[in-house]
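Next come two complexes built around chain A: one with chain B, the other with chain C.
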Partner chain A sequence: MEEAEVLFSIGGLEVTGHVTTMWAIMVVLVLIFFLATRKMEKVPGRFQCAAEYTVEGLLNYFSGIMGREQARRYFILLCTLFLFILFSNWSGILPLAGQFEGFKAPTSTLSVPVALALIAFFSTQYAGIREHGVVRYLKKFCSPIILMLPLNIIEELVRPLSLSLRLFGNIFGEEMVVVVLFSLVPYFVPSLMQMLGLLFGFIQAVVFTTLTAIYISSATAEAH
Partner chain B sequence: MSINLSTVIWSFLNFFLILFVLYKFGLNPVLNFLDNRSEGIAKDISDAEDSRNEATALLQEYQEKIAGAREEAQDIIAKANKMAEDERAALLAQTRDETAVMLEKARQEIRLERDLALKDLRQEVSTLAIMGAEKILRRNINAEDNMKMIDDFLSEAGEIH
Partner chain C sequence: MDMTSAIIALAVALVMGIGTIGPALGQGNASAKALEGMARQPEVAGEIRTTLIIALAFMEALTIYALLIAFMLLMRM
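Right after this comes the complex of A and B.
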C-alpha cells in the first residue's frame, strides 16, 4: 500500500487525506444531529423521527448484548463508534472518493482502525476497572487458575489487533476489488460491488461496535 | 502497510471531539428527550388511570347520593301523604262532631217549636171549644138541663167532700 500523501501539518502532526475526510464526516454527523435535535417536539417530525429511531434502535440492540443499564452507560461511546465507522466506511463509496488526495475513506488506512480499536481497548479496561476496582479487575486475569494469566493477557491484547485488522481489511479489500473490477469492466460491475460495499460498510460498523459492546460487557461481568 | 502515527493521533483527537460534541448536543439530548417522553407517557397513563378511578368513585358516590335522595323524597312524599290523610281524617271527625251537635240543636229547636205549637194549638182548641160550647149552651140549655148540671156538680162536689 502506498503511503498517503501528507497535505499539510498542524503543530507537527501530519494531515493526510484520511484526516481531512474524517473532519468532513464529523461536520456531517454534527450537522445531522444538529438538524435532528434542533427543535425536539413531543410529536416528532420526519427528521427527528429518524434520529429517534436510530438512537432507540441502537440502544435496544446494545441492551440485548449487555443489558439495559450497561448499554445506557456506554451508549454514547458505542453509538459514536458505530456512526463514525459507518460514515467512514460509506465515505469510500461516494463518487471521487480516493480519486484525489483530500478525500479518502478513513477506515481504508490501518491507522484509523488502530486508533479506534485502541479506544475500544482502553474503554474496555476502564469499564472493567470502574466496575470491579483495579485489584479485582486484575484478579480476573488469573482466573480460573494463575496459569491462565499469560493466555488471558494475550486474549485481551489480541482483541484490538483483530478489531483493527478486520475493519481495515474489509474496507481496504472492498475498495481494492472495486478498483480492480473497474480496470477490468468499467461499466455496471463496479457499481454492483459498490452496492455490496454499502452492506459491507454497515456490517463492519456493526461488527466493530458489537464486539466492543461484548468486550465491555464481559469486562464488567461478575467473575465466575 | 504501515501506521502513520500522526493519523492515529488525529483519529484519537477527532474521535474524542465528535464523542464530546455528540454527547453534549446530539445523543444525550435525544436520549434524555426519549426518557422524558417515556416518563411523560407513563405519567400521562397513570394520571389517566387515576382520573378514571376518581371519576368512577365520584360516579358511584353520586349514584349513591341520588339513590339516597330518591329514598328521602319517597319518605317525604309518604310522610306528606300520611299527614294529609291524618288531617283529612281529623277534619272529617270534627265535621262529623259539629254536624252532630248542629243536628242535635236543630232537633231540640224543632222539639221546642213543636211543643210551643202544640201548646198554642191546645189553647186555640180549648178556646174554640169553649166558644162552641158557649154558642151551643146559649141556644140549647134550658132550665131542666141547668138543674141537672147543678145537681151533677153538687153531687160530685159532695162525693169529694
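Right after this comes the complex of A and C.
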C-alpha cells in the first residue's frame, strides 16, 4: 500500500497521521470513562448509566463465549480491544477524516491492525502458558498425534494474519468504495455507503474481539 | 494504453469477478439456513443472528482478500 506521510519524528520513530488519530482516540476514551466514573452513585445518572450498560453488555457477551470466570479474567484486554477498534473504525466516518494530515482512521493502514493482532496473538500464548504451564501447553500442539505438529503451528501463526487482514481490508475497502462512489455521484449515494460503513465498523470490532475470545478460551481449554 | 496496463486491468476485473462468486454462494447458503432456523424456532432468533453475522464476516473476509489484491494490482497500473 502507499506510504503514509510522516508528520514529525520522536527519537527516530516516525509519527504519521494515523498515530496522532490514535492518540486522540485514546484521550477521548480515557476522558469518557473518567468522567463517567468520577462521581459513582448508587442510582446512576445518564452518563454513568451509559458506561455501565456498555461494560455490562460486553461482559455478558464474552461470558456467553468463554464462561463467566474466564471472561472476567481477560475482560480488560477484550473490552479495550473492542472499544479501541470500534472508535478507530468510526473515526474514518467523521467529517474531514483523511482530508488533512494528522486525522486518518488508524485501522485503514495495515500496521495498526497488525499490531492489534500481535497483541491478541501473544495474549493467547500467555493465557495458555499461564493456565497449563509451558510443557503442557507445548504438548497440546502435538495432540492428538505428533504428526499434527506442523499443522497446529501453521494454524496458530495464520490467526494473527487473517485477523489483521480482515480488519484492514474491510475498513480500507469501505473507504476506497466511498472514494470511487464519490467520484461517480457526488451527492447522497456515498453517504448511504458510509451508513453501511458504520455497520461494518461495528461488526468488524465485534468479530475481532469475538475471535480473540475464542482463541483465548481454546488455548486455556483442557486438552482432549 | 500499453499492453501491461491492459493485462492488469483485465486481471483486476477477473480477480473481483471470480473472487466474489464463492463467498456469495456461501453467504447465500448460510443466510438461507439461518432464516429457516429462525422461522422454525423464533425464540432463538437472537442467538442465530449473532452466529450468522460472525459466519458472514468470515466469508466476507475472502472477498476482502480479493479486493486487496485488486487494489494492489491497480496501484501497479
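What we mean here is this: the second predicted complex is superposed on the first by the 223 of 224 C-alpha atoms of A that agree within 3 Å, B and C clash if a C-alpha of one lies under 4 Å from a C-alpha of the other, contacts with A are read in each partner's own complex, and residues count from 1 in each chain.
Definition applied: contacts are C-beta pairs under 8 Å (C-beta built on N, C-alpha and C of every residue); 3 or more make two chains touch, one makes a residue touch a chain.
Please read all numbers here as calculations on a predicted model, not as lab measurements.
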{"item": "Clash or fit, chain B versus chain C on superposed chain A", "value": "fit"}
{"item": "Touched partner set for A:Met26, first chain B, second chain C, both or neither", "value": "first"}
{"item": "Touched partner set for A:Gln194, first chain B, second chain C, both or neither", "value": "neither"}
{"item": "Centroid geometry (CA): angle chain B/chain A/chain C, rounded to a multiple of 10 degrees", "value": "120"}
{"item": "Per-residue touch tally on chain A - higher for chain B or for chain C", "value": "B"}
{"item": "Touched partner set for A:Gln204, first chain B, second chain C, both or neither", "value": "second"}
{"item": "Chain B versus chain C as contact partner of A:Thr37, first or second or both or neither", "value": "first"}
{"item": "Which superposed partner A:Gly169 touches (first chain B, second chain C, both, neither)", "value": "second"}
{"item": "Chain B versus chain C - smallest C-alpha distance in the overlay, whole Å", "value": "7"}
{"item": "Doubly contacted residues of chain A, that is, touched by chain B and again by chain C", "value": "1"}
{"item": "Interfacial residue positions of chain A with respect to chain C in the complex", "value": "1-2, 162, 165-166, 168-170, 172-173, 176, 203-204, 206-207, 210"}
{"item": "Complex contact set, residues of chain B against chain A", "value": "1-12, 14-15, 17-19, 21-23, 25-31, 33-34, 37, 40"}
{"item": "Touching residues (chain side chain C, partner chain A) in the complex", "value": "53-54, 57-58, 60-61, 64-65, 67-68, 71-72, 75"}
{"item": "Residue ranges of chain A in contact with chain B within the complex", "value": "1, 3-4, 6, 9, 13-16, 18-19, 22-23, 26, 29-30, 33-34, 36-37, 40, 42, 51-52, 55-56, 59, 72, 75-77, 79-81, 83-84, 106, 109-112, 114-116, 118-119"}
